[in-house]
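There's a structure below that I have some questions on.
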Amino acid sequence: MELHTLTLITIVAEPVLEERLTRRLLELGATGYTVMDIRGRGTRGIRTGDIPGQGIRIETLVTDEVAEAILEEATASWFPHYAVVVWASPARVVRGDKYVEG
Amino acid sequence: MSGQEATLLPAADLLRPCPRGVLPLTEILRLNLLSPITLAFALGIFARVVKSEFSLPRQMYTGLGIYLLFALGLKGGVELAKEPLGVIILPVAVTLVLGCIRPLTSYAVLRKLGGFNTDDSAGIAAHYGSVSAVTFIAALTFLEGMREPVEGYLPTLLAILESPGIHIALAIGALKQADRTESMGSVLHEVLTGRTMILLVGGLVVGYFMAPGTWDQVAGFYDGAVFKGALCLFLLEMGVVAGERLGDLKESGLFLLAFGVIMAVIHGVVGVGAGLLAGLSPGGATVLGAMSASASYIAAPPAVRMTLPAANPTLSLTASLAITFPFNIIFGIPLYYQVALWMT
Amino acid sequence: MSGQEATLLPAADLLRPCPRGVLPLTEILRLNLLSPITLAFALGIFARVVKSEFSLPRQMYTGLGIYLLFALGLKGGVELAKEPLGVIILPVAVTLVLGCIRPLTSYAVLRKLGGFNTDDSAGIAAHYGSVSAVTFIAALTFLEGMREPVEGYLPTLLAILESPGIHIALAIGALKQADRTESMGSVLHEVLTGRTMILLVGGLVVGYFMAPGTWDQVAGFYDGAVFKGALCLFLLEMGVVAGERLGDLKESGLFLLAFGVIMAVIHGVVGVGAGLLAGLSPGGATVLGAMSASASYIAAPPAVRMTLPAANPTLSLTASLAITFPFNIIFGIPLYYQVALWMT
Amino acid sequence: MSGQEATLLPAADLLRPCPRGVLPLTEILRLNLLSPITLAFALGIFARVVKSEFSLPRQMYTGLGIYLLFALGLKGGVELAKEPLGVIILPVAVTLVLGCIRPLTSYAVLRKLGGFNTDDSAGIAAHYGSVSAVTFIAALTFLEGMREPVEGYLPTLLAILESPGIHIALAIGALKQADRTESMGSVLHEVLTGRTMILLVGGLVVGYFMAPGTWDQVAGFYDGAVFKGALCLFLLEMGVVAGERLGDLKESGLFLLAFGVIMAVIHGVVGVGAGLLAGLSPGGATVLGAMSASASYIAAPPAVRMTLPAANPTLSLTASLAITFPFNIIFGIPLYYQVALWMT
Amino acid sequence: MELHTLTLITIVAEPVLEERLTRRLLELGATGYTVMDIRGRGTRGIRTGDIPGQGIRIETLVTDEVAEAILEEATASWFPHYAVVVWASPARVVRGDKYVEG
Amino acid sequence: MELHTLTLITIVAEPVLEERLTRRLLELGATGYTVMDIRGRGTRGIRTGDIPGQGIRIETLVTDEVAEAILEEATASWFPHYAVVVWASPARVVRGDKYVEG
């Protein structure tokens, strides 16, 4: 059984960003992602669309380098403008080689 | 709706028959306040005010919106097919003009009188440059209650008024500053292929080309009691959403309140006048006035959010949804109707 | 429904015309068993029994429930507006009395005869102190099939019977032990602003104040075939949910089964008698009986769960949903109807 | 629908009255293309093609599907109750034969002519061995527009054609290789208790046993404009889903395109012939032809995915949803109708 | 790029508890939370409301002290009464200072 | 406050597998699981049912031995046939003893 240790990046964001963020994740080197609908509350309380308090939660399993790139872009470009929450945690992944682009 | 009183008011005793314009404004207001639509909206606000956790399931709300827009498009398309296209050229032209000047007046007022920054001014102006389909439907329903005939092709004008205002306002915002995060092209695509356009314009086209007689097969689903009943449920939830914004009203201050009302009245009266000039009936001019007076809360918010992230979405949503929308459906529409009657 | 046979049964050939009460009970039972409502419920149970994964999407089920409650409120409000308010004082009073004694009898039986602990007794009593809106609707639909007129204001009584019983039972539970986790005030708020109350009472108020004639504009959506058809779909899913509880029946034992049936019959007959005493028609008394015989499965469960977490929710849900509810819609309602006819 | 033109076409001016078969094929095709159903489907495809993010909420789509299947079953059951059962023995028999030979012909063509491996051949054959309920409904609606009467019990045949083909194809796949991951028994259970079977067969049984006259109480919800209007919304979303598959068409190559069309025509003509042999009316034979020509995209995919994971689901879904389905509703159904008229 | 290591607390609970649990999280010092609808199965099988098997899943990113407080309250007050599952895991968070109350 | 360190296994899979995977999890020793509906994108893009891009996400808190068994089964039996993504991460669980079968 081969397990690779990768980084799991989780992003909570406004629904309007779904298309843009997932596009960027792939551009930065992610090989896939998983999206869920959520509701939530934070300090900014900014939400668009007709129903307040709704958001999305994106998960992507990536290599450490891709993780760095995503976290940097989040800090520099997403965070100042939008209501996003981003965190990283380690994950041991079955067939982790699949998530290395190339 | 759509001038077909014969079919739509079969029982025809909604109001005691009385010659047009004879009802005093107070009576019209009262009847409008006691319409199921207004009352359902009020119930939704009430639910929020008493902190009820009640709300429609999200997908049900979206689903009702989809149904209403598609129904609107279909009916409009069926009516459009009955008209020679020449008839609508002038109304289309004045609608386009309204679509161009409304974001400009809104931006100017917000920037100069309101002292908002360029981002917020452009963001709110994008909402007031577009249009609210539910206000449009409420105006049609109101006029049906007043037994006032309207042009059947009005949904075409709704479709035309939807997007130009958004783009003009966003272009202003983009010109004024460099901090845009999304290209105008992608926003244009987003708005033109958004839910409202697909359903409204798509419905218009489907209705236009449908084989003669097939509308009768589905009219019982897309028109009449089902349409109005679904509208009540939709407004119940809109009340809940608007009620959620009421708290923000205090923070956003008196100016926004005044802006939401006065802008509606000015744009509304201009819309009525423009409609009459273009040869619309008093009913049609009333509807164009209501459209012109309305502000978007479905198409504009995501477009603004993507293009001008520094604009505060709470301001624009509060203004359009918690101020202008209720003002229009409660007071505005009867008012524009009176204005239309006075002007003719 | 609501005494308007003329409009509701236009074709009027549901059953061959026959003088009231002439149908034998077995025939009434057969007709009730073969109603689309009962059959749809049975289909839902069957789907569960054969371990089908079929079930309505969650939001669709919630949405249908919202629609049914709001429709019920609206119709009730429209009818209420036609009555002088004095007429309903006595029925309201007996309904309140029923709301107070039903949780007490339930608690006493569970605690003394059933040997349940105070938590479980109070928890189940809260369910049997409240009411099931779907049982109410099923009773109205049954009587419409029987061509039996009913008072139009009955939904008002439903709204009144909903909450007192829950609070009385929870108060007993709270007095008996200290392990409460939520204040009574917050539970009171929760129940009074819950979905059922907002839609039912809100609908009553909207229907009451709606301008004359506007009901006709939406009646085709909130009444008639659309209402009954939506009710069938709702009952299909209720069958699935009840079927899921059938497995719990074995564990919870024979006493619960007997309790669910006998309590229904006793409360039902008392309700019929109280209704007739208060001057209700046989139809109206049947409906009050059905309400009185029913147990809540929407409003009571979360209230009990929050206040008395030590009460086992499986017991109360199984009793109300898998025993009392099907008993009432299959046998109870026709029985209460017979009792009402006998008593007059 | 179901031969009751009197009630279903009250206005009866859908098409100028003209003796059956007198309309030329091109005119029939044009009318079919301009039906709201076809146009709504086209709008959905268009929305995908312009990369709109529009789609119906998932639960709304599922909910509409549930409603349509249940309505279909109910109507079929009501009609079935009117017939002596002997009448349907022959049609049932030929339908069973069709259910057995269609997966075999499909498998043979795919394996021998198409050169697909056993997994993919069996997987696609399972789809073409089953049936598409929406195609069935579209055929009924088309014939109603043509004022062509049909047997009321046809939904029974739909239910019978649903599952045998899936199992025969899966059995072939299972025989040919050992890499199955799920027992046939559990797949059999899955298909027989799946949504389609519960709603369609369950609806048939409910409709069959419903007390006389109760259908009239709910017909306004399960039939007529509501049914057709809901069908349009469903097809709008099916267009979106099919549009999403169009991209896969290029990859899957010309053979699949040819297969999806030619298989439909062959199975369709065989179905028409078999129907006429079994004594069906031209309308009924047209519907049996359309069923026989159709491919499943709801029941078959999960069954195949669970049993033959090595079969590529993209191939089978593209063929059934993006090729055969649109071909049938646009060209196939009018064609099978012409064939039925020629053969009689 | 500033990353802070915080604790991610995940709570799976009965839907009826949503309002109470999220209120308590904020009272105990959380600055926000994210809620998802789930279905599931456990040892107790207790669910309320009309649809069995349904539940909610709450996530909150908090400092270690707040995490301790939440875990303690969960152990003492929630666990004995309700069907809740609670776990903690470390997460490296972009702009983690945002999640420190004060 | 007793916290046990367990393994949280997360599985993203095709919806058609829900019943089978959750049954296997219990058979392999899990005491419960939590399921969410997701949408997503990966390298295979395989989805069944009428709506593409939809999937499920299953979480289960298990002991290390059960985790090993699940990961092994995933590698050997699920991965070759189906579009599944599986990863493991450590979690400190309140009343973790509850998740040990027996």
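Order of writing sets the labels: A, B, C, D, E and F. Residues in every chain begin at 1.
To be clear about the criterion, a contact is a pair of C-beta atoms (placed from the backbone, for glycine too) under 8 Å apart; a residue touches a chain by one contact, two chains touch by 3 or more.
For clarity, every value in this text was computed on a predicted model and none was experimentally measured.
Novice: Quick one: which chains contact chain C and chain F both?
Specialist: D, E
Novice: Through how few touching steps can chain D be joined to chain E?
Specialist: The least step count works out to 2.
Novice: Tell me, please, which chain's centre (mean of its C-alpha atoms) is farthest from the centre of chain C?
Specialist: It is A.
Novice: What's the farthest chain from chain D if centres are computed as the mean of the Cα atoms?
Specialist: The most remote chain is E.
Novice: Looking at D-F and B-C, which one has the bigger number of contacting C-beta pairs?
Specialist: Between the chain pairs D-F and B-C, B-C carries more contacts.
Novice: From the mean C-alpha coordinate of chain A to that of chain C, what's the distance rounded to whole Å?
Specialist: Centres of chain A and chain C (C-alpha means) sit 47 Å apart.
Novice: Could you tell me the distance, in whole angstrom, between the mean C-alpha positions of chain C and chain E?
Specialist: Each chain reduced to its C-alpha mean, chain C and chain E end up 36 Å apart.
Novice: List the centre-to-centre spacing of chain E and chain F in whole Å, with centres computed as mean CA coordinates.
Specialist: Between these chains, centre-to-centre, one finds 20 Å.
Novice: Between chain C and chain D, what distance separates the C-alpha centroids? Give it in angstrom.
Specialist: The mean C-alpha positions of chain C and chain D differ by 40 Å.
Novice: Going through chain E residue by residue, note those that touch at least 2 other chains and give them in order.
Specialist: Those would be 36, 89.
Novice: Quick check: what residues of chain C touch more than one other chain, meaning two or more?
Specialist: 53, 58-60, 226
Novice: Using the touch rule from the top of the page, what pairs of chains touch, sorted by label?
Specialist: A-B, A-E, A-F, B-C, B-D, C-D, C-E, D-F, E-F
Novice: In their shared complex, at which residues does chain D touch chain B?
Specialist: Listed in rising order, the residues of chain D that touch chain B are 11, 13-15, 30-31, 34-36, 39-40, 43, 46-47, 50-54, 56-60, 145, 224-226, 228-230, 232-233, 236.
Novice: Of all residues in chain D, which touch chain F in the complex?
Specialist: Contacts found on chain D: 58, 61, 181-182, 241, 244-245, 297-298, 301-302, 304-306, 309-310, 313-314, 317, 321.
Novice: Using the touch rule from the top, collect the residues of chain D that touch chain C in their complex.
Specialist: The touching residues are 57-60, 62-63, 66-67, 70, 74, 189-190, 193-195, 198-199, 202-203, 205-206, 209-211, 213-222, 226.
Novice: If we count contacts the way the header does, which residues on chain A are in touch with chain E in the complex?
Specialist: Residue list for chain A touching chain E: 10, 12, 36-43, 55, 57, 68, 71-72, 74-75, 79, 85-89.
Novice: Can you name the residues of chain E that touch chain C in the complex?
Specialist: On the chain E side, the touching residues are 14, 16-17, 20, 45-52, 54, 77, 81-82.
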